[in-house]
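In what comes next, subunit A is part of two complexes: it sits with subunit B in the first one and with subunit C in the second one.
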Partner chain A sequence: MYVAVKGGEKAIDEAHALLAERRRGEQSLAELTVEQIEQQLSLSVSRVMTEGSCYDPSLAALAIKQAQGDLVEAIFLLRAYRTTLPRLATTEPIDTANMHIKRRISATFKDLPGGQILGPTYDYTHRLLDFKLMVAEQDTSDKGLSAELEILNEQMDSETSEAVIPRVMDLLNQEGLIEKEQPIDDIPVDDITREAIKLPADRDVRLQNLARGDEGFLLALGYATQRGYGHTHPFAGEIRLGDVEVEITPPELGFSICIGEIEVTECEMVNQFKGSKDKPPQFTRGYGLTFGYSERKAMAMALVDRALRAEELGEPVKSAAQDPEFVLMHSDNVEASGFVQHLKLPHYVDFQSELELIRKLRANDSADNKETTE
Partner chain B sequence: MDLSQNEAARKHWISMLSQALPEELETAFEALAESPDYRWLRPAESGLAMVRARAGGTGQRFNLGETTMTRASILLGDTAGHGYLIGRNKRHAELAAVFDALLQQPSLQSKLLESVIQPIAERLHSNKKQQSQETDKTRVEFFTMVRGESD
Partner chain C sequence: MSDPDYNFAYLDEQTKRMIRRSLLKAVAIPGYQVPFGSREMPMPYGWGTGGIQLTASLIGLDDTLKVIDQGSDDTTNAVSIRKFFRRTTGVATTEKTTEATLIQTRHRIPETPLQKGQILIYQVPIPDPLSFLEPRETEARKMHALSEYGIMHTKLYEDIAHYGAILHTYDYPVMVNDRYVMRPSPIPKFDNPKMDNMHALQVFGAGREKRIYAVPPYTKVKSLDFEDHPFEVQRWENSCALCGADNTFLDEIVVDDHGERLFACADSDYCQTRQAEQGGQR
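Moving on, here comes the complex of A and B:
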């Protein structure tokens, strides 16, 4: 337990001034702008929005700048900011089947309708440092892009990602071998930002928690399931990145309207399932969804979502990733970081009492030893 | 939900006003023959909307996370105009509300649909098209290799 302390105001002010100086770095170099971070560190922005649980690229970029690129600190800043804003609406469920696709792949179906679209991916790169990026690019012209686009504009491509590309699972399940995700709209949706998580937690609570959860934590748990700690035999059924419309139904209108688009990454895992008393052998599913372009996180989330369904599917719950209490109570990096880092705060009184206790035990020990030797 | 023709038209223009660039609305506002005399019904305010999704895309609903949003409502005569958008631009929400009210005036509707809404729709469409074309260049055909195992 830590206790309140007084004093140190001047030193704290000086420490913050020093921090600001360190954040700014070498004065002779140009200062980073929030717009540059938003545009050029967009994967950091995606992570901060997802785990900060607030879609706003420029706020996320500001948080990253303020936190000197410490993403967990930036997530904390964004979470703190969101608590100052009123909740004005709840959206209709986003329709990811109607996504404007930027990337879409399946590791289970080679020739899937709509095709495999790699999009902007690090897959198939050689992970060699590109020293060309050491030098800021001088030529910012679009290299005849507009001419190229004009030609493209004239082509009427029969297969284009402009058309709606349905989700693989909905499409290739005529045999019914993959579990269907049925809408259950007659039960309310719990919100863990309003009410603390109660166990056992339903899937809506688990998914909200995982969506906000730390990427590293979920990645490690997902990896553990692959190595045998709660194995779920996963396949990446479909991964897609793109823009979806966000709709709300304002009471003053009485019908839904689109208020803009957001970018999301979606991952559907399909998992082998031998069947249970109630269910025939089939593929079951795990789901991952994030703001922005956060593919690793979406995949890890889908693995853990499926692992957490162990009890529902009648599988033995033996590993950490299958244990809702373990996963849900430790996934949030704002909570985790706070509790780990509170150890830095003064624990003087607490430690003094422990020190006294150890001294007393030592004294008792040596007294006992004396007695036995005598 | 079946919408009346008027509601469907309004749904479309509100969505377009939400996705307009702030400068597009500012320019359109300046281009109005007479500056509309409106007052606040609900001043522009920024806040959050909880974004819902469905497990597996089609299943149980859950809360994905929030997005910033801004809304504004104005009165033009006795017509209420509403503006809603993702993000924190209050002036944009205000102008969206003003154009929503103006578009409800039968005398102005068809002209504004053509001069304000149509260009926004066209720009959005052309952005999408351009992006799809870039994306389509990354289409890939994977071929399955026969494994070199002897039988």
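Moving on, here comes the complex of A and C:
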């Protein structure tokens, strides 16, 4: 006789054991360390920290290891951990003009104060598989090159570390052709990890949501705007990568203190704008910011941020990327992944109900047919 | 004994308080969807995080918890959720509907009538009954505020006009306390009548969508219908092959390669209790 799906508990335990085995892979090979992931898969670490909303490279690396390199799963792990952390303080806004720059480019001006700094980028690499990397250890004869690199690094450090490199946007806006940055006010920013998003959402909420949003989703939406679905005529005003200080102001002190540095990628898009009833023709802005080195994400975020300002700027809202409710409610990959995959859970009660309905409808149909033929 | 690495029932006390406040509001306005600061839980969204957060904020040391999915205590996700609460609270769990103070459920209401003092906690995937007709929450909220449910009635009417029947077989919309149209979560419509004037408190948690709603005990819950097309529940020609019940929701189970079928109660506790009463053989 059929025994109603007993033994779920044991099956789950066995599944976990199999998973651990699969994660470990071939036993004769050395196990990956969290440090190796943090150092050598740092772009994965950046993405997991950004979408996981938690700046902690070693925990992000641990999540990547635990998730077998599945970044969406790793983001989920980091988020679930993050929920349990207490809120100790709110930081002051970071000042990216005071960034310790590692990379800084502008596509709108040929040269500018502070210069174009290419930094570590894949941009001009030829995407040819480098078979040298198949061998574990780097060839030691490369020492000469690394010495050269060291000098280069030092040179860059001395040139950029102390100097404040103002952002292109502030620097070249003497004419007032680019819309002004909104001044910092005292209104506390909402925290979408503590309260449900209320619609329509202000820009603080939108930007938070985009920063946590799935890179692939934002990339596709940003791309769609370029192809005409909510076109914004974007230019990469400035992209910068580097370390910034994080400060808090403890109430008992009354002044701010630095609690550490984080690496961030910032992108400011400049977008053409023909003007409206209240605003003269000018350039508008879209903004993207991520933890670590996540340039593609920061750029896509800036495109979508600008597209979402359509209503504010009096542009017609016609495309998905311009529709805040569509974008904000579907950008989160932890939510999306969970709900798509919940289809794996048993639905046999619902399915049984549908079976009954289909049978009933078919019975009605054939009864009707009989009547008409008779 | 609960896991010392985590707070009792996983969530911190502030969060539980926030959820309980939302819940009080939900109880005060039956059927109204209250937004709440849903947290990331260590289980995926869509796998019961709303129900889990409600259970976590309601459970106390002297509670007894039952968790079911599709009516059964032994389906994998029910097992996983029960295990989570055993680990984080150390609270007693049971499979007996009559022994439980809290019952977390996905897709069913137990066949055994619930009693005063019990709380039934539903896991909800999509809270708004209007969302398939009007996906924009900003619009749907307005319709609820104005009790403007014309599109829902039109949809049900069109079903009848096209197919001769209302096509909702589960998650069948109900009117709560003559005011709010509510989704009962994907329970089969077979279970809808049990919601009406139930002795127990019914609470609904949608984690991903960040909404809580509730039906207080002894509240009117009416499945939407028309005078000439009254609401009906599913009926089976078969009885349960295991306990012989002819008034329960039956699962259809394919037992061999020839498509031979067997029908058995979806509610495993109800079925087993009846089998035990009939002589103890399984």
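Operating definition for what follows: the second predicted complex is superposed on the first by the 341 of 374 C-alpha atoms of A that agree within 3 Å, B and C clash if a C-alpha of one lies under 4 Å from a C-alpha of the other, contacts with A are read in each partner's own complex, and residues count from 1 in each chain.
Here, a contact is a pair of C-beta atoms (placed from the backbone, for glycine too) under 8 Å apart; a residue touches a chain by one contact, two chains touch by 3 or more.
Note that the structure is predicted; figures quoted are calculated from it, not measured.
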Discussion item. Looking at A:Phe339, would you say it contacts subunit B, subunit C, both, or neither? Reply first, second, both or neither.
Written reply: second
Discussion item. Contact-wise, after the overlay, does A:Leu361 reach subunit B, subunit C, both or neither (first, second, both, neither)?
Written reply: second
Item to complete: Using the touch definition from the top, say if A:Pro86 reaches subunit B (first), subunit C (second), both or neither.
Response: both
Discussion item. By residue count, which of the two partners contacts subunit A more extensively, subunit B or subunit C?
Written reply: B
Worksheet item: For A:Pro200, is the partner it touches subunit B (first), subunit C (second), both, or none of the two (neither)?
Response: second
Worksheet entry | Contacts of A:Glu266 with subunit B and subunit C, given as first, second, both or neither | first
Worksheet entry | First (subunit B), second (subunit C), both or neither touched by A:Arg212 | first
Practice prompt. State whether A:Gly176 touches subunit B only (first), subunit C only (second), both chains, or neither.
Written response: neither
Response to the item:
Note: overlapping subunit A surface for subunit B and subunit C spans 82, 86, 193
Worksheet item: For subunit B, which residues count as touching subunit A in their complex?
Response: 1, 3, 7, 10-11, 14-15, 18-19, 45-69, 71, 73, 80, 82, 84-88, 128-133, 135-136, 138-142, 144
Discussion item. Considering only the defined contacts, which subunit C positions touch subunit A in the complex?
Written reply: 6, 10, 12, 35-42, 44-47, 49, 69-72, 74-80, 83, 106-108, 125, 136-138, 163-165, 167, 169-171, 186-190, 208, 210-211, 234, 236, 242, 249-253, 255, 262, 264, 266, 268, 271
Response to the item:
As the complex stands, subunit A meets subunit B at residues 49-50, 53-56, 59, 82, 85-97, 100-103, 110, 115-121, 149, 152-153, 157, 159-162, 167, 169-170, 180-185, 189-193, 202-205, 207-208, 211-212, 246, 248, 250, 252-253, 255-262, 264, 266, 268, 285, 287, 289, 291, 305
Worksheet item: For the complex, which residues does subunit A have touching subunit C?
Response: 1-2, 4-9, 11-12, 76, 79-80, 82-84, 86, 193-200, 325, 329, 334-335, 337-342, 345-350, 352-357, 360-361, 364
